[in-house]
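We call the chains A, B and C, going by the order they appear; numbering starts again at 1 in every chain.
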Amino acid sequence: MLIDNIKELFLKIKKGNPLVHHITNNVTINDCANATLAIGGSPVMATSIEEVADMVNLANALVINFGTIDDSTYEAMLRAGKAANKKGIPVVFDPVGVGATPFRTERAIDFLKKVDVSIIRGNATEVFALIGGKAATRGVDAVEITISKEELAKKTAQQLNTIAVISGKHDVISNGEETVKIGNGDIWLTRITGTGCMTASLIASFAGITDDLFSAAIAGMSVMSLAGERAKNRLIDGEGIGTYRVKLIDEISMMDSQIWEEGVRFL
Amino acid sequence: MLIDNIKELFLKIKKGNPLVHHITNNVTINDCANATLAIGGSPVMATSIEEVADMVNLANALVINFGTIDDSTYEAMLRAGKAANKKGIPVVFDPVGVGATPFRTERAIDFLKKVDVSIIRGNATEVFALIGGKAATRGVDAVEITISKEELAKKTAQQLNTIAVISGKHDVISNGEETVKIGNGDIWLTRITGTGCMTASLIASFAGITDDLFSAAIAGMSVMSLAGERAKNRLIDGEGIGTYRVKLIDEISMMDSQIWEEGVRFL
Amino acid sequence: MLIDNIKELFLKIKKGNPLVHHITNNVTINDCANATLAIGGSPVMATSIEEVADMVNLANALVINFGTIDDSTYEAMLRAGKAANKKGIPVVFDPVGVGATPFRTERAIDFLKKVDVSIIRGNATEVFALIGGKAATRGVDAVEITISKEELAKKTAQQLNTIAVISGKHDVISNGEETVKIGNGDIWLTRITGTGCMTASLIASFAGITDDLFSAAIAGMSVMSLAGERAKNRLIDGEGIGTYRVKLIDEISMMDSQIWEEGVRFL
């Protein structure tokens, strides 16, 4: 059932070509645009407070990524988030680095109060900080925390009334009632920048063409992990992380329902 | 004659190494820098209002790209544009997303009033919005409009006293008197971000080493379309849009007068 | 002795995984993040003045890059630099484009007054401008100046009480007493954007795991020049600067003490 729903999304996304508005960081913004295109969406990245609401009104989904926030982009994020809620399109929130500094954590909690977020995607430490947990962080990197990722995802989904996607060695997606684990992936996904951010773009692209946001979250997350695994397998001797990045985008762009069904491993 | 003029530009650009100043978006800024280098120019990307005029004074051409404008970058664009006009170097304007939001359209029209633009490069919808046309837009993507691209290019060139370059399935370049159509290209040029922006960088690089701006516009546009076609032909099984991006830059960097003359198709 | 010190750094960096905070330009910010990861560090790129000091407190080294400074990022740089000095972590300064405009030169000199900089990495023109020299510049590109690079490096190190790294056809590193020259490299390192910026990230990554900053500076500089040479040698017919960029990152990510020792050429 879930498998069939997700398989259908691969067909719908190519036809629907959802417009995905991003307010994101300037480190991986190009990667996010290309990941959106690779899966069949159209990216827009306007950030001026004077036009974000107008741009959201043209969009099918919104990504908010905290990677390099400052006061000005945060204001744009609030306007965009409220416009998305008003229009009824899904908001995907990527709390990059939350937990690392008080500024980030406070803004994230403020954002969740003011905007209804459909899907949150982060690593365990970031998501843990969102629900009030304290963990030792190292910048934007994850460290281990004291509750299982399954519990964390479920608790986050329930407490924040959202769908929680936690990326890691295995990925966990929970809507508070159902919790799904994905066993795909490769450690090299952590050796390049942007794979988390691109995952949020993939999730939002799927979310832009369906009301079944739980399936969209699973689709986006599993596409990244499966593509990351396939790209690694395609590397030949003498190829490092530069080539890995290129082949990762290749694999996202070639992903379809058949490749996905044959490759995805639910745990 | 035109062919010979353009062939000569390939030699002149390697010798002249024009400095091309950009005030552009932060999605494709890296692509624009590398495209400029690939064709033989040198990119500069300063945006601080305190130094843009000084930087323009060192440059041979200026690119203004509206991809992620806000009030602060717009002010820098005006200063840079006026400095370019004063110095007498060509200004290439890429009206990304114009027509999608009132903010963008108003700023674009304001910019055209205050700065003499030598060459405008956009897709049909964006250019249509510049001359007062109304079209349904989807973010920064083009949709079909009601006049032919040939008419649109010619009318834009005449009305705005500029050279108009309209990218699309076939490309149209007009100076208001002559109109040229290019048949090269590949649909995959629309499957990665930045190909339009990079085209403006290529055009500006050529415009920085000649007074024949019509030839420069044709040269820059046709290099991108031909490179896009050649990159696609070089893809092998299992390669997707990640590899396509890499090979596109490869092809731009290897383009010379001979490859160009053998490959370009005027319609 | 120096060789052995540097060989050891390759092992220490993989274990130590230094967190390298950057306040850098938005042209090559993604390249810097990936170069940091490729060598074994973890990049962070926060720029909001409200959190830079907190982020620096988590970091092992700080990179300040002037590529696209404006008043707001400059303020963040000062705060980050002071926090780094207070914490006692190394500051690597990349004076991109200094000498090209008064704005850049004044800010650079102001920065050096207010922040203790451990290592400066630039091309000869930029570094020359830092010590009060006047050279004809072309935007962010180097032109020849009137003193030898060896003298310039030594003088800069002494005058500014720092380690000076001058990139070029051969690279020169001086701590004011010892001066080292590296003969590796390839002209193609100048045909793509970001190789200088990435060098600063490599240097800072090494500097984040040792007190021997002179060795760290030599290690970072030589890794880039050797990787650039190896990447060029790996190109096959039909590959241009797009593929070169990818293979450059590949080579950085595969660099270890053995490859380095066999390949590095001190002059």
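Convention: a contact is a pair of C-beta atoms (placed from the backbone, for glycine too) under 8 Å apart; a residue touches a chain by one contact, two chains touch by 3 or more.
These are the chains along with the protein names UniProt gives them: A, B, C = Hydroxyethylthiazole kinase.
The structure displayed is predicted, hence computed values, not measured ones.
*Asks:* Counting shared numbers against all numbers at the contact of chain A and chain B, is it over half, same, or under half, different?
*Replies:* different
*Asks:* Once chain B is fitted to chain C on CA atoms, what angle does the rotation have, in steps of 5 degrees?
*Replies:* 120
*Asks:* Centroid from C-alpha atoms only, then distance chain A to chain B, rounded to Å. What do you get?
*Replies:* Taking the average C-alpha coordinate of chain A and of chain B, the gap between them is 32 Å.
*Asks:* By residue number and range, which residues of chain C touch two or more other chains?
*Replies:* Correct list: 26, 30, 245-246.
*Asks:* Show which residues of chain B lie in contact with chain C when the two form their complex.
*Replies:* 19, 21, 26, 29-30, 33-34, 37-38, 42-51, 54-55, 58-59, 72, 234, 245-254
*Asks:* Within their complex, state which residues of chain A touch chain C.
*Replies:* 25-28, 30-31, 67-71, 97, 100-104, 137-141, 191-194, 238-243, 245-246
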